[in-house]
Amino acid sequence: MFLQQLLNGLTAGAVYALIALGYTMIYGILGLINFAQGEIYMFGAFVAVLLLGTGQVNFFVAFAAGMAAAAILGVVLERVAFRPLRGSHPLVPLISAIGASIFLQSLALLLFGPNDRPFPIQFNFRTITIAGLPLSSLQGAILVAALGLMVLLLLFVRYTRYGKAIVACALDQDTARLMGINVDRMVALTFLIGSALSGAAGIMMAIYYNATYPRMGLLPGLKAFSAAILGGVGNIPGAILGGVLLGVAESLGAAYVSSGYKDAIAFAILILVLLFRPQGILKGRGD
Amino acid sequence: MTLLAVNELSKYFGGVKAVDGVSFGVDHGEIVGLIGPNGAGKTTCFNLISGLLTPTRGSVSLLGHSLGGLAPYYRSRRGLARTFQNIQLFGGMDVLENVLTGCHQRQEIGAFRALWPGRGVRRAETRAEERARELLALVGLAERADFPADALAYGEQRRLEIARALAQEPRLLMLDEPAAGLNSRETEDLMTLLQELRERGITLLIIEHDMTLIMGLCHRVVVLDHGQVIAAGPPSEIRRDPRVIEAYLGREEDDGDL
Amino acid sequence: MSAYFLHLAILGGIYIILAISLNLIIGYAGQVSLGHAAFFGIGAYISALTSLYWGFPFLLAALSAILFSGVCGLLLGLPTLRLKEDYLAIVTLGFGVIVDLVFLNLEITGGPDGLAGIPSPRILGLSFRSPVMYLFLTLFMVLLTLALTYRLVHSYHGRALRAIRDHEVTAQVMGINTPAYKVAIFTLAAALAGLAGSLYAHYITFINPESFGLHTSILALCMVVLGGMGSIAGAVVGALALTVLPELLRSFKAYQDLIYGGLLVALLIWRPEGLLGRGKLSLKFISRE
Amino acid sequence: MLTLKSVQAGYGKLTVLKGISFHVRPGEVVTLIGGNGAGKSTTLRAVSGLLPLWRGVVEFNGADLTRLPPERIVTLGLALVPEGRRIFASLSVTANLELGAFHRRDQRQARRDLEEIRERFPLLKERASQPAGTLSGGEQQILAICRALMSRPRLLMLDEPSMGLAPRMVNQVYKILRELKDEGTTLLLIEQNARAALKLADRGYVLETGRIILDGSAAELREDPEVQRAYLGKGYREVWE
């Protein structure tokens, strides 16, 4: 039972971590909480589900298309809702992000309707029992895929030119420009990557819960942001750690404390962390 | 009597020692200049004294009481006021209101009394306003009282910032490059103003690059270079100190290496 | 006066109080609360519960609501207001979600069914059951709120608050205890939201968690931004506009949120000072120093 | 090579540059000196594109830089070592150097340059994977200069490279600049350390409150008492004589 809950928590946590990466990267470079991250997650899931529903494409194409659609949406969002506001009081882009989030959510409601959509293809996942622990291969697949994307991102940031350039922009934009780095382009690239990861997370959750609906992004988005803060905002490994910790805490809390307050656990942890260690578990950029 | 005592003050940023074991004092009624080349750590010193930064080591005390760990607003109440190198006025207010903000801590009006002002509160407000207008007259901005602070010319903004700091009725007024960005006329006006303050017995600690101002005004000068005090004394000594000239112009013996 | 118009006017009045209270936080503490509906809800539930279970008369129930919401605001604000703007936004949002779940899960709040049969106010033997009477009550409270905030903003303390909004560090150097002011304004805002909640509960006479969720928090935020952050008159106009607008747009009901969201973004880009704001908050650019 | 014609610029209400004109020829070392607030750093910020010009023209090898953003200007071969070094503190020493070559198309050659620089400055090799913020001030300055060199600039601009450094480190930094000069690198140097700067430079300009008040060969300026006056601020003569 405990191990089962732990595994459930790890799965949800891995997905939170993927979204949290987007939050943390965007916060790192623009100092902006992109509240619409959850809606990008939802759009990624919808695009994959609708494409699969046509029966014309296979699963991997749909998955890639979902990520791509999310990435494009992220870039467009940055252009329309955030770039014109750069340099204004920090509350202004924050509120704009909330506006964008409401807009996208209601747009999805109009386009896709309010009802849950099941995931169009059935996977024949087996549950393997290892040492008495029932391990669903679906959870295994999600964990592996999420881990793979995280490793890719870490490698990208640490070892590629563009990865380093993004970090440079987050640290000091003027000096980054002196290096010949086009800050606008790096911001767009950050949105692209962060949104693609969120899109992937949305598709994974759509499969896991077998449901896609317009408001699906709201809570995972908010929890992922909590995860980003928990790990120290702007800190990429921190976001991963924070996401996993939150997922596990939530799952164990729901099992052993109260299932009615499941959604409150993430925020309670967030508030506690901010009170006692505002820089997050690993150090964030903000110190 | 020592008003401000700075003792072994240090601030490190990563591997960089911005301020490194600085000690000096300011006596009552004294005008002390804090000079040194760019990057010597002068403004960092000010930020440490006024509580905007926490020192890595060392202490600051005012009238023998340590200010360690006190937030900036408590330090202000103990009698520290300052201006900023890049002027920081309240742009959303008019000139008079800016100065009234400086009077804030001397007024101490309770929450409910402020909402339903009785005669006492109204009198306090009137007094504050009179005082603010006096200070504006002192710095030559009497005519500008109703202007938005944003609309003032650069030199006027500098003087407004000084008036606002004076409204705090400080024991020690710290000025961070008050002449920066001023033309020579405005600098002369500033000199006159500071002399007036000196005659009124206000204790001043001034960071400044304009040597005429420093040498003409200060009783004592403290010279910083890469975070350390390299010389301190009356202007007559400082102006002859080879270490000071070195700090500004570079070392004579450096030339051998080049 | 048609009953429908009366209904809108009463709701409008309640939202004016809510919007003004949120505007105090945004416009005068320079912080944003995304969980303001939680205080609205706490006020509504406390007022309803004290009347239903202890038979508190309206004024006492409303006072309990104000005090309890205020204390909740104080307890939340005390440790969190030293956080940066965006952290506070997320903390208040989390607080809103938690409070919503508490309403939903507690037995005494009636869970998802909520509380019904909340008595109409009686003050000095006068019944406020009829909408006309209730409108008078609401108007009285609105005027009281307006007078209070007007006095506050134009007082000695209002000047300190504006200084904090303009330049927090400099305000500190002026001897202004910025943390204390921020906590005080946050507490006051929470208390006023509690008053709005109490008025709401005794008017509608039935409450459930749905009215106090994230949606309401964001609606209040829209009102403030529309009218102009930091402007009291703006909050009034914003609240009225967003109470009446949905009714005008009834045939577009499905598009309502779409319009709100788009409006919020568009407004910030093209008219960040709001309809009535003076643009001090939104147009302030951070220097590139 | 670089020409400024009556350049005016400033911040907000404050006019800092009140019409500055000067030029740098290929292979030259030119220094701008002057007291604090004279507008030296502002000049470099304007040339590198970080600060928009209010009036005037900046030309570099025939290209008009006046409206170009900094990220374009550096691709034309104009690199700036900014005031206060501004290294990327949490990135490794090597990553800082690599970013210096970010805009270059010949990334393979850039990697060879990196090796070369690391051979030349063993410090940067020893500390290769250490966060750059852990270096001392002088070491950071050397890193900042090498980072700018990684862009293979045709003109290297340095903003107060000796600022806040201990004398031993100042010597080391100047040794590097001397070597660069001997290799034929064109340098535009802003300094408060006037003696060192004039010793290194071929020519110099003296700024005072946003205007050029003197120019001439470095040797002439070294002897000119007016330089010390301008440099130490108004009233120097009364003060130091």
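For clarity, chains are labelled A, B, C and D in written order, and residue numbers in each chain start from 1.
Throughout what follows, a contact is a pair of C-beta atoms (placed from the backbone, for glycine too) under 8 Å apart; a residue touches a chain by one contact, two chains touch by 3 or more.
Computed from a predicted model, the values in this text were never measured in an experiment.
The most distant chain from chain B, with centres taken as the mean of CA atoms, is A. Of the two chain pairs considered here, B-C and A-C, the higher C-beta contact count falls to A-C. Note: centroid distance chain B to chain C, computed from Cα atoms, is 42 Å.
Chain A and chain C, compared by their mean Cα positions, are separated by 31 Å.
The geometric centre of chain A is 48 Å away from that of chain B, both derived from CA atoms.
Between the Cα centres of chain C and chain D there is a gap of 54 Å.
Of all residues in chain D, those that touch two or more other chains are 89. Residues of chain A in contact with two or more other chains: 174.
By the touch criterion stated above, chain A contacts chain D in their complex at residues 161, 164-165, 167-168, 171-172, 174-183.
Residues of chain A that touch chain C in their complex: 27, 31-33, 80-81, 84-85, 87-96, 98-107, 109-110, 174, 218, 222, 225-226, 229, 258, 260-261, 263-264, 266-268, 270-271, 274-275, 278, 286. Contacts from chain D toward chain B in the complex involve residues 13-14, 16, 35-37, 84, 89, 133-137, 139-140, 160, 162-167, 170-171, 174-175, 178, 192-197, 199-200, 209, 228, 231-236, 238-240. Partner chain A is touched in their complex by these residues of chain C: 26, 30-32, 34, 79-80, 83-87, 89-91, 93-95, 97-98, 101-102, 104-105, 214, 218, 221, 225, 229, 254-258, 260-265, 268-269, 272, 281-286, 288.
Contact residues of chain D toward chain A in the complex are 48-50, 69-71, 74-75, 79-80, 82, 86, 88-91, 95, 98-100, 102-104, 107, 147, 151.
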